[in-house]
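In structure tokens below, several structures.
Two complexes are shown next, each including subunit A; its partner changes from subunit B in the first to subunit C in the second.
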Partner chain A sequence: MSDVDDELPPDATVAARLATYVRAGGVVTPLITLLVAFLFGGLVVLITGHDPIATYKAIFNGTGLNWFFPWISSEDRTIAALNLQQTLIVTTPLILTGLAVAFAFRCGLFNIGGQGQYIVGGVFAVWVGSSFEGLPSLLHILLAVVAGMLGGAFWAGIAGVLKAVAGTNEVISTIMLNWIAIWTGNYLFNLGGPLQNSNPAQKDVPVSNDVLESAKLPVFWGDPQLQGLHIGLFIAVAALLVFWVLLNRTTLGYEVRAVGFNPDAAQASGISVARNYVVVMAVCGAFAGLAGTLDVLGWQFRIATNDIQTSQLGFFGIAVALLGRNTAVGTFFSALLFGGLITGTSVRNLDPTVFEPALATNLTYMIQGLVVLLVSTDVLVIWLWRLRRKRRSSAVLEAA
Partner chain B sequence: MADSPALELRGITKRFGPLVANRSVDFELRRGEIHALLGENGAGKSTLMNVLYGLHQPDEGEIRLDGEAVEIRSSSRAIGLGIGMVHQHFMLVPVMTVAENLVLGAEPKKGPLLDYKTAAERTRELSKRFGLAVDPDARVQDLGVGAQQRVEILRALFRGARVLVLDEPTAVLTAQEAQDLFEVLRALKAEGTAIIFISHKLNEVLDVADRITVLRRGEKVDTVPREGATERSLATLMVGRDVLLRVEKDDTTPGESLLSLEGVSARDDRGLPAVRDVSLDVRAGEIVGLAGIDANGQSELIETIMGLRRPDEGTIIVAGRDVTHAGPRDTLAAGVSHIAEDRHRRGLVLEFDLAENLALREYKTPAFSKRGFISPKKMVARARTLLKEFDVRGGEPETRAGSLSGGNQQKVVIARELNADPRVIIAAQPTRGLDVGAIEFVHRRLVEERDAGRGVLLVSLEMEEIRSLSDRVLVIYEGQIVAEMPPESSEEDFGVLMTGGGRRTEGAA
Partner chain C sequence: MTPAKQIGWGGVALGFLAFFIAVPPITVRTPIPIALVGLLAMTAGLLAYRGGEKRLGSGGIVAGVLGISGGYAATQSGESNLEEVVVWGALLASTLRYATPLTLGALGGLFSERSGVINIALEGMMLMGAFFGAWGADVTGSWFLGIVIAIASGAIFAALHALFAITFRADQIVSGTALNLLAVGITGYLYVQIYGDEGTPDDLPQVPNVELPIQSVPFFGDVFGSLNLLVWVALAMVLVTWVVVFRTAWGLRLRSAGENPLAAETAGLSVVRTRYLAVMCSGGLAALGGAFLSIGFVHTFSQNMTAGRGFIALAALIFGRWRPGAALAATLLFGFGSALAQRLPVFSPSGAVLFQALPYVLTLIAVTGLIGRSIPPLALGRPLSKS
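Moving on, here comes the complex of A and B:
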């Protein structure tokens, strides 16, 4: 009996398990995952004494996605445009932190360190962006972007090297590196810290110097004074393309996928598994570092210690990647979804008469958590899938 | 009593959609008989047994136990009727003791608690009665595979099995363990238990069975008594055409040495010496067999040659190039091909499609990539040629390797490794788990490669394979080469050497 199909050995890598999961359900399972998460969320809304449908509708309008509807009034459209710009501003780093997790997954690694890499990238970007006065704009931006990416790559590379040399579990090391990044960042911009601003008027504010005009990313939609949409979105979309090409059309990507699915076979065919771990983590870090960079150059223009402690975008990347099935297209859509959720439940965008934004923010976190939880139960989905197939055609398998 | 058979399957037909897994199969099992069910992978053996065990309902036909028609709607009903099944993959709880596993589901109780004493006592009784040696208090996880299998058999007997089904029981056993199992089966037979023995290994079937029923493509071909049956006649029944069991090969005059090991020693994963002072030569145009019982250092030796394990001492030379300290890539580049002993672990990336798998050795060469960019088109084109040349069935270049049958997966590995134009081929258990037709193919290819002037190191646990393919045979025991023998030597002579008898004393470290 040749039942090798869909037969997962108990020590299957994460990547192999996810591949089976994806094969088992196509795009249907992520949609079901999402539906269940939203149903649970709606239940909680109901319990707090609100109308879930009205709440979700208000959140949706808060995302600005109603801008695409042809029938809304021109007044609504103006507001929707502003909201949509916000959603896409958040989507931009989410795409990248999602890729930082997805790329690692494809190599069988679990990168929990997106948050730390995001911070390090931002720190490098704000430092380069606020220094070097008088540089031509394009050069300045390029310099800051490269610095941010290298910073993130270096930070994640530490975890890669530890894994390759000493076999340190990357989950543990990236979590620890997150904390080191958070507290180092805190120190850098805190009062008296080496990167605290040099403006005498802001001596008591724990914030960096402002990014110079020459390093700011141009805004292409909306008013630059009102936080319009910067061109970072295009860079993030280009990164999706880079991710796909890297993975599917380069020898590096071929190695990464081989190692991710079966490190033993990869090694036996001459692929250096250790080297791949380092390279992959560095690439992931570059993605996350770019996320931090674009936020700094695109709309934040400075980093306060407060930002470092409250930022969650790196962590959201895990849910983005899981829901997006570690593919380029999936990552784009799930980044848009979480970008919409974050914006739609924010104090600024959600109609407080329908649902208090303070509660709604928690709703976003809850949906994020549920998505991770549900996707992590892939074993259950695979099991159900196999049961169905067994009933339908165990003989077909046998005859194969 | 004696006139009605213990079990009778009459005209069993089982369809799955358009596919007919069993077509009007008749099968009769007498009391105190070992009846082998023989057939290639996919011949319908497992389906038939699943019907018997209540996992499938037949579309047509009936099942009779002791002459009475029964309907078996579930496996618990099957157990209730005295049908026991020992699966290929054991269904034991590793952390529990043998006695606890045995009574699981029907525990003797003392109040709400398990009456362990009674459980252990019953286990002892049963194991004595049937001559199955197991320690009731041992934890299953500490037992060897053979002993675990005995526990499975005991459990079936504990539940009152009078008909015992063993699904490819020897697949996981060493040759010695298989012999032990056969002893157990003979003892059970003497006790009156009726046994169905599923296998695709001809020599085993001839060894242990009283009668043999052959299935092919879901249909019963014939039931024959063991007397008068030969490997050849059974193979012909199984495959439906004449099969070359004996490998046809001419004598050979070996050329220069292509793989040369000098005093190589290495440790296993626990740091214990596994390969001890091994020196050997594989010359152009010869097949050198490495015979030995499982876990006598063969795997570690192969890994050391392939650069997957660091040797403590010694030198390894491939076609004049010192690869003692080279990694896998350099070793492969020096002209070694490796048919891995476990194709799922080292031979294939099951999640990759066939084109990608076939490119594993060469994805970085100009054949498939340029300046770091790979060309899937070229991979697919190459795959198309290779799949045809090596007669891989059931797969296109875009098919996932994991969805192929074992025999075709092995053909993919062999296609990749032989296409690399190697000087030396390390073939480790190249026919493990394959059926007769595929074995014939692999053997023929290896001889062809030999004739083309390559050197082949054949590592196998199957003595038949070693003896029929090799030009000379080295015997490995506890990591040491203890003898060199001509392949014509008797199985007994090999057996003695492989179990440590007649150990060479000079050169022993």
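Moving on, here comes the complex of A and C:
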């Protein structure tokens, strides 16, 4: 039917498909995907009797991205700075949960377990971060980060081992592990749970102990008392670099990509597919666990059972990775986009007189779903591909 | 059935027996007979393993270990606690209730997957059914119309899945995940828009219970005497699904679309149309399961209330090897996990929350494959290549 189709066997893996889309559509398709998703979201807002333009404008102002505009007044800039700090605080874990999904995709695996891995990472971080009083700050932070990453790696590793040993579908196993993590986390911090806080005044509050000062990440922009921006953002950006190097400049990355494109061919050429599944899932879990860790050490400082139930950042990683086409740069920008969307629709940042935050939060979920839905289809890409081909061939004809 | 297989199944059964004799009504209070039965189970498992039935054999061994540990735990806990938790009549009635949405979801998945379309969007279809069932019942004032609206919403939502999976030939797992996310957004948005902070009204019409005149019959009265109508519908649907998929011409077409779509197409059958219909049936059934949750079980809608049940249903389908009867057995097992988890807090109030993870753990163990690698329909997940 088209050139794209010729390149893809009918049983092409997700990784192979997405790689083809990138070649075919470049940066244009994700942008069109976004545009369609936002248009559709606006349509829903319009149908339910609200003003979509005012809504999107209020959401945009809530993200603080107007900080970059040179023409806004200095008061607006102060507020925008506060908002932008929040957006970047959310962007930080999103980059990492996005990488947790993207790395698995490159190996042909679909990791829906980012949420569970995020929770387990956070639990380990809060446990280490609130114990070991008297450690030097750098050592304490390092210890908590390593614990969180190992926790996440262990949790995802379960799914990897099951896939490698018994061929268990990782989609189902990671989803089940999500729910097991949610309920176990709830148990740990619940009244009478083993990790509930030891403060007698908070005996009836289902929350963990506070992270000690020595384990808190330093704030580099804004007021530490007002949830300023912590250095976790740099760690997340460094993780993007690690992801790129790991994938494109190491033997592991080569094997991962080979397995992602065609596991049978990889196996035949001497790559252990089973071992790759385990390693890749563990690395993904370490990314997602780091996301939970940075949230705990950076601004939450404690985990309440309520946080575990309402957190969705791990799930957002799917949309982040897919919109970013499983690349490092793409993941950064789509994490920023969803970070902005989440912040802009939060109770704290969205003006309730324009649009109710509870509605807007669900609007974000809808846009997220639409993005993934549109990314999943190649029709858009094929159409664009043909258009480009036609244009190029007509250009060649004219030149001749 | 080979002898090794028989021995393996015997091992699994003995493992369960080891636990069963430790709880009421038999209530063996000393660990010795339990250990004996459990060891017997493990021996049988070992024999089956050496006889070539590796998975079934290890299943027997695992069942033996679980039986001994569960049975031993039972002998160590107070008899009054045991009697409070293990009331078989109530436990089984509760099992049926918890299994109902899973059964309907799994049957829905069966239609779709037998026709060759992976349906990971069951969760989202269920959630749509849960919301639109509640909303429809509220608006029309009738639980029956609520169910009709729920089924319609599920079928329409499923048509979207069909559009992307079949016509656009998208990656079915990714597009299914997208629909799940979309369903959370759509139902959440509408819920907040329509019901705001107050939630669904208290006088939401409910699907009635079927009161059978067998209440006084011991045990059976407790289990079947007063079940929700939809529980019976779900059980009936198992039979209907079996007949439709395995005993009708349409069912044959459906299965051929899932096993060898090219051959089916060559024989003059429209694979695309068959798959569309199958996926929409799938959505309707899953939505019925969701509607049971909101207007048959808890009598309210809350955001994201399906809580992964769609995925458990899918796991049950895989565990049940894409067959209605076996899928029902799997959903009953998971339902039993939920029912038991609901009663275990007697032993430890703070552990109550932890027990909620039990059905998910059970599902994880089950999909890991106690009984052989499941062989999916041959063309599952493969879009029909256009010529």
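FYI, the second predicted complex is superposed on the first by the 372 of 400 C-alpha atoms of A that agree within 3 Å, B and C clash if a C-alpha of one lies under 4 Å from a C-alpha of the other, contacts with A are read in each partner's own complex, and residues count from 1 in each chain.
The definition used in the following text is that a residue touches a chain if its C-beta (ideal position, glycine included) is under 8 Å from a C-beta of that chain, and two chains touch if they have at least 3 such contacts.
All of these numbers come straight from a predicted model, not from anything done at the bench.
By the touch criterion defined above, A:Asp264 reaches subunit B but does not reach subunit C. Of the two partner chains, subunit C is the only one that A:Ala166 touches; subunit B does not reach it. In the superposition on chain A, contact is made by A:Tyr254 with subunit B only, not with subunit C.
By the document's definition of touching, of the two partners only subunit C reaches A:Tyr365; subunit B does not.
By the touch criterion defined above, A:Leu373 lies against subunit C but remains apart from subunit B after alignment on the C-alpha atoms of chain A. Taking subunit A as the reference, the larger set of touched residues comes from C, when subunit B and subunit C are compared.
In the superposed model, A:Gly193 makes contact with subunit C only, not with subunit B. In the superposed model, A:Ala16 lies in contact with subunit B only, and not with subunit C. By the document's definition of touching, of the two partners only subunit B reaches A:Ser272; subunit C does not. Under the contact criterion defined above, the residues of subunit A that touch both subunit B in one complex and subunit C in the other are 1, 5.
On the side of subunit A, the complex with subunit B involves touching residues 1-2, 4-7, 9, 15-16, 19-20, 248-255, 257-258, 261-262, 264-272, 392-396, 398-400. Contact residues on subunit C toward subunit A in their complex (touch as defined above): 120, 164, 168-171, 173-175, 177-186, 188-189, 191-193, 307-308, 311-312, 314-315, 318, 349-351, 353-354, 356-357, 360-361, 363-364, 367-369, 373, 381-383, 385-386. Residues of subunit B touching subunit A in their complex: 14-17, 19, 21, 41-42, 44-47, 50, 56, 306, 308, 327-330, 332-333, 338, 340, 344-352, 356, 359-361, 363-364, 369, 372-374, 376, 394, 402-406, 409.
Chain contact summary for the complex, subunit A toward subunit C: residues 1, 5, 10-11, 14, 17, 44, 48, 110, 112, 162, 166-169, 171-173, 175-180, 183-184, 186-187, 190-193, 315, 318-319, 322, 356, 358-359, 361-373, 375-379.
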